[in-house]
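In the two assemblies presented below, chain A is common to both, partnered first by chain B and then by chain C.
Coming up: the complex of A and B.
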């Protein structure tokens, strides 16, 4: 069966390339649609928290939560600097800011996984603040929802870090120009989005309701 | 012969399947190794190891098949141009077994896979239908029966999603005058990721099956056999296909339309597909969350649904139906679009109320988001939710009614052919069957009657009528209608008519029979029934009807396969359609339109003097 006529397609290809401007419009719209789609993923988790926890929450370390949130929000500033650097052809700002954003994302990720989740089962104090969390995944719905929400968000942070490292590595070798740096732009939008999600998750997990456990 | 065997054995499909099972074994072995370090033995089919391996196996398939190759190269800074045409030195047919980026090839891949999966799902139905023909248990055990009806449900849904993908991928770029989809690589990904997902579901049957039906309600799912984990992961992976495919469709429609094609000059099928895509893009995420949480509850010990740990089983149902009700509109909206697309062509009359029909698709999609809890009137959810959901459910009838009145008004005084060709027959079949499915719906949406009919065979009859009327009949109509466009050859009209006249009466017997045994006390999802109910004869009739439907589909497949080589070449425009895809050679050239077209009129002004829809753009010498 031959459902596509085959007259020298390789010669035709040139005339049928999608113009760069059209492709960019598609890319931007596609990314925003993906963000809109993800809204339902995070929205479903957010709803789950209110159905299962209601007006309560587990007792979590306020200091660690606030510090991690601050670091993540600050990383968005450097991501913005990174994009501006790429758009202006300022290679130094672009690369440095990218690394800083990735570093802060990594610190946030470590704070969630090592400190809040306490996957290595550590214990310790600093200035009277307990550094490692006590909530276990098996602690009923409190464990379940906390690990699901932070886990799904951490997965997005991790993929964001990977994307930043990819643009940094390619950027060093001159892959992006001020005119064509869609990769940087997309990574920046994604990173800001992941931040904004945390802006909603943080109060839902750490602040709302009264602590019970 | 040897060369062909080698091309098949080195195809992306085979490499992907090998990659899938290798990755599965590696994932299983990794967990077993971790346990061995801690001095724990790993029993055979250890659930966390199977689940971890299953997730890795999908990546294994995609890497093995080469779906990710271009993206992996982009990560290390290599831009790869899109390959067009068959790979060097390989025959044209090998494109269909390999990763190809042309939307028409992907559309045909979707269609063939959809029909194969439809056959598997249909076979399961026939297996347990034979069991149901007589009271008592004849040749299946209860567990086998449970697994078969559960798998029938999810596999048919997979088939329908693939069929929708086929129509969208092949037709939308052609109809809007684009050379391809907006993201060709993502398009290939959407198709190929559906294959490992189907493999996972079938493997779930092999490792012990499951007994929850396709809904997988907690808390039964938490106690079901191992197969449920693979079923849920397969379902979950299929969501990637839905989300990626729908974003691609919406972006293509938004940015790549031909000059002059305003929103209200788009073909009506594109409206239906866009409305379906909006649902797929958003709602799929919530069922993904529900399935992820179920698997996490089983495998990782997190607690969401089990009341023993403070969980809430109703939450699963809310998250599940928030996707699974709107998704039925994903199935029917493109199908209803096909009906509206084909009727004016055969009636030689404008589509009645084009704008209202276009907006009714969007209306159904939006109202569809507000009705999910009508599946849960008997589940023990908050009483305050019942009445609002009853009213919103009734609201669906308004945009659906708009479509029905448009079809009737389009047929009214139309010049329908005296001897209707097969696609038109299937359109009529679709309208009649969807009507049965539609009018039996409000009875289920009304709380007092639903309390009696919930989980009875009445509902089985109802949703089979909506699925056949809204998807199966229009999909077959579309297959017959666009077959000459896809292959350049005409199918055998006599076999097409035989298919229709076997399938339509058989379907009526089946659907009305299911509703009648439901009213007489037959419950759904049970393998046995009391002979004293007096429904044995009807059950025999339903089983015979199911067999006839199965045979009629085989006739269609024979017709299509046999016609690819021997049938006469089709005219360029056998249906005298105004749609742009019928104005170019069949099969369609690699880049669709040699000369781009612009839209200068209304799409469905059939029979109006001097009305034109499209004309070729006269090339203007450009300044550069």
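Coming up: the complex of A and C.
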């Protein structure tokens, strides 16, 4: 007499392990779909700028805008090095680049919040360049659009910095290997996405149209 | 392995240089072609699209989405 074992499809689903390669493809697709959904949010803000500002823009510090953009690009470069380091088992480059990317991101955040938003109401010049902005959120469509765009972007910068610090912390504990480092790859893609958004926001806020005092 | 790593680091540097040059061009377009609004707007938008494409291709590795291997 043979023993009868009950075997349901439910058991199959739990017993079967998804191959890592398949899981990675799903992860990547999921991340890109998430970023695509975010595109609607940033796209709406970008469009709002053109509808409300038209051929004008507030008189913002060109030097701060250019410097902040350069720092964010540099941060993206370090994030790229961080990912390459993790993918090649270069632990030193991985950890050092992660910290540098987070540092550059923090400098960018400070430049937007402390200098451009001027949350502490400071004033001052360096080599004839005005260091602190004057635009307030209540300054009509200029203030409203500027703070909505930079605020939403700054929120993403902040969350990106938190993610970078998490992978740095986990990396120090040997959490990632050249074969398995999805956390690093996902953080890098997210951080570069934040950079891509700024690539469009920077000319829209600082360069396009005539400056209005 | 080492050669692949060096090539990857080099790509990062080349990408950064391209982005830096395009950002500077963008800045000068805004300053010097500003009087011709439509032209400068179109030019600035094209530069932004090119910069975004470079980041998506070289830094974000969009091609991995339809590649077979895991890395």
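One rule holds for everything that comes next: the second predicted complex is superposed on the first by the 199 of 213 C-alpha atoms of A that agree within 3 Å, B and C clash if a C-alpha of one lies under 4 Å from a C-alpha of the other, contacts with A are read in each partner's own complex, and residues count from 1 in each chain.
In this section, contacts are C-beta pairs under 8 Å (C-beta built on N, C-alpha and C of every residue); 3 or more make two chains touch, one makes a residue touch a chain.
The model shown is predicted, which means the values in this text are computed figures rather than measured ones.
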{"item": "Which of chain B and chain C A:29 touches, first, second, both or neither", "value": "both"}
{"item": "Touched partner set for A:38, first chain B, second chain C, both or neither", "value": "first"}
{"item": "First, second, both or neither for A:175, with chain B first and chain C second", "value": "first"}
{"item": "First, second, both or neither for A:200, with chain B first and chain C second", "value": "second"}
{"item": "Which superposed partner A:147 touches (first chain B, second chain C, both, neither)", "value": "first"}
{"item": "On chain A, the residue positions that both chain B and chain C contact, one per complex", "value": "25, 29"}
{"item": "Touching residues on chain A, where the partner in the complex is chain C", "value": "20-21, 24-25, 28-29, 32, 55, 62, 66, 69-70, 73-74, 76-77, 79-81, 84, 87-88, 90, 178-179, 188-189, 192-193, 195-196, 199-200, 202-203, 206-210"}
{"item": "Of all residues in chain C, those that touch chain A in their complex", "value": "1, 4-5, 8-9, 12-13, 15-16, 19-20, 23, 26-27, 29-31, 34, 37, 40-41, 44-45, 47-48, 51-52, 55-56, 58-62, 64-65, 68-71"}
{"item": "Contact set on chain A toward chain B in their complex", "value": "1-7, 9-10, 12-13, 15-16, 18, 22-23, 25-26, 29-30, 33-34, 36-41, 43-45, 48, 51-52, 137-138, 140-145, 147-148, 166, 169-170, 173, 175"}
{"item": "Chain B - residues contacting chain A, complex", "value": "75-77, 82, 84-86, 92-93, 95-96, 102, 104-105, 108, 179-180, 182-183, 243, 247-248, 250-252, 254-256, 281-286, 288-290, 292-293, 296-297, 300-304, 309-312, 315, 318-319, 322, 486-487, 564, 585, 587-591"}
